[in-house]
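All remarks here apply to the structure that follows.
Every chain is named by a letter (A, B, C and D) in the order it is written, and numbering of its residues begins at 1.
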């Protein structure tokens, strides 16, 4: 119970900081929008091709923005050695991990209502409001899947030289199941699901989330305990 | 539980950074309610010793016990009884002074009302900056705010790394009075400082570090003479 | 070893692929063993020069 | 010198067995009825696949041991297994491509095993890169062990998601049906490659231990402290 209170305090602190540094957050959002735009240039003004690829482009935009958001979230913690201050407080590292992973998930989830409409417009996808809600739900599962190992790896790489290369290098191959699962599931929502496969892809995403949210919480203790 | 042990106990403690031993062969016992002054030139290992005691740095050799507990395996027990002020501010530039205090209070599971927090800010003359972002604070103001953290934590053991650095005269007097009060209250205090005259008045015992090893140990009153003899 | 000797000559140039596969495997093993040996020597040299 | 012996013998035995097994596989075993001579690739490909998986599993076990005990020897063993896993995995991917070209007509076909192997190779190579960037030996050990554990748990997830993803297209027949005359060279080569892998891991682990010894420095000699002029402090440095 105590740990839950601390996690809530940490998430509140992160959200407050995110709100104060809105421009930082906005630049990540803008980055996502630019990526979506670039995909349409890469494919060409072929509406059919854009529609087919829409789900993939959307998830790729999320993936690329996530590395920015993740390393940014730890840059703040290192600015005045604030993370060290948190480690000095009577807080279990598990609480630090879940606080950070939760606020990262929330931030990435926030991208959905902005990037999805952009994709709908750019790629001429036909979508109902109900579908949109489904897409955002799936996006949430994907965001949680990216944040779980992402927070763990960002905590390690944030103190290293060339963190910008290392984080994607470690994270991208690991989250292939998240990527495949969410692309497939969102694609099924957008283009129809004649063979009722949406359920199993959602289960895959949820399974990844459950496994990595528990595993990384345990391992995070070892990562931060080797303090500088 | 470590109810029986002394406040701090180290045995042949050593810490290595790369190929350099920053601390070596440190045997140290600090009894409860004792006050200890750590002296030594820059790079003699004072900060590292404090960081190892605080559990921020793992010893490369030897062992540390805080109130009989290991800072790493019995993490929460140690953190609850220990507080540290260092030259690192541990602040978030985006938060205001009062928000920073609220975060600390919540993390330490202390329910402290805003009125009480205002009182604390008043004490360190920061009440006028209550709702300003910490990012705009001068280093002296940051330091004052950092002290309030230990006030909230209300520890049994207080580790202070250069508590007087970056402060103006008023700030130094403030901190000095506060440390004196803590010592009088029975808090175990370990201070690393270059302000020997000020600090040796407060502390009973002193310890001189040289190249990471204990070079001299004795009553704090004898430290100035010792330093003079050294040249 | 000609393709006409095969029972069913479905796959053209099959032996080339087989030889390629075995050759590659041997090459990788030899190169890796050599790299291990070389790194070992370098580390021994380092240890000696550092005293 | 004495410690070098067991794995040197094992390594030599591995090379010898590989020569024997490959000779049988290449010249004595009959060609496959459907696949023809291409089937002979199986005698190195399948053992490589088995041993790569085994090596990655070993890396996982070593990582857990390393994080649990904090002992440098487990970290060294884990480094060896990870690196050998990457090398063998890359070899496996290349062999798979050589297999794919004559049988399916393309070098790359998003086959489940091939894709999973490739992803694992990239992931574990990333872990080796991470190691090279961390200077502190203890932290390097912990962080890479954490990454190995996280990565190994991903294997079944990647496997299943690639399989589901593939199942929308068609399911490829895989080189699994094994006739009894093919068992002998397959078995010999499996042991051969296993022994070679063990030799490589042992060598790499030794190298890591040697490097780690190179990083460590002995404690400086203890100096006697000057004692306080005024008696009354109970703390001597000599008492324990």
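Here is the rule we use: contacts are C-beta pairs under 8 Å (C-beta built on N, C-alpha and C of every residue); 3 or more make two chains touch, one makes a residue touch a chain.
Quick caveat: nothing in here was measured; it's all calculated off a predicted structure.
Q: Among the chains, which has its CA centre at the largest distance from chain B's?
A: Result for max centroid distance from chain B is chain C.
Q: Centroid from C-alpha atoms only, then distance chain A to chain B, rounded to Å. What do you get?
A: Comparing mean C-alpha positions, chain B is 38 Å from chain A.
Q: So how far apart, in whole Å, are chain B and chain C when each is placed at the average of its C-alpha atoms?
A: Spacing between the chain centres: roughly 60 Å.
Q: Would you kindly tell me how far, in whole Å, the mean C-alpha position of chain D lies from that of chain A?
A: 30
Q: Give me the residue numbers in chain A that touch at least two other chains, ranges are fine.
A: 225-226
Q: Which residue numbers or ranges of chain B touch two or more of the other chains?
A: Each of 58 in chain B touches at least two other chains.
Q: Chain pairs that touch, all of them, please.
A: A-B, A-D, B-D, C-D
Q: Given the complex with chain B, which residues does chain A contribute to the contact?
A: Touch list, chain A to chain B: 2, 5-6, 9-10, 13, 16-17, 20-21, 76, 79-82, 84-92, 225-228.
Q: Over in the complex, which chain D residues touch chain C? Could you list them?
A: Listed in rising order, the residues are 22, 26, 31, 33-38, 40-41, 44-45, 48, 84, 87, 90-91, 94-95, 98-99, 101-103, 196, 200, 203-204, 206-207, 210-211, 213-214.
Q: What does chain A use to touch chain D in their complex?
A: Those residues of chain A that touch chain D are 149, 152-153, 156-157, 160-162, 166, 169-170, 173-174, 176-177, 180-181, 184, 200-201, 204, 207-208, 211-212, 215-216, 219, 222-223, 225-226.
Q: Contact residues on chain C for chain D in the complex?
A: 6-15, 17-18, 20-22, 24-25, 28-29, 32-33, 36-37, 39-40, 43-44, 46-47, 50
Q: In the complex formed with chain A, which residues of chain B make contact?
A: Result: residues 54-58, 72, 75-76, 79-80, 82-84, 88-95, 99, 103-104, 106-109, 133, 149, 153 of chain B touch chain A.
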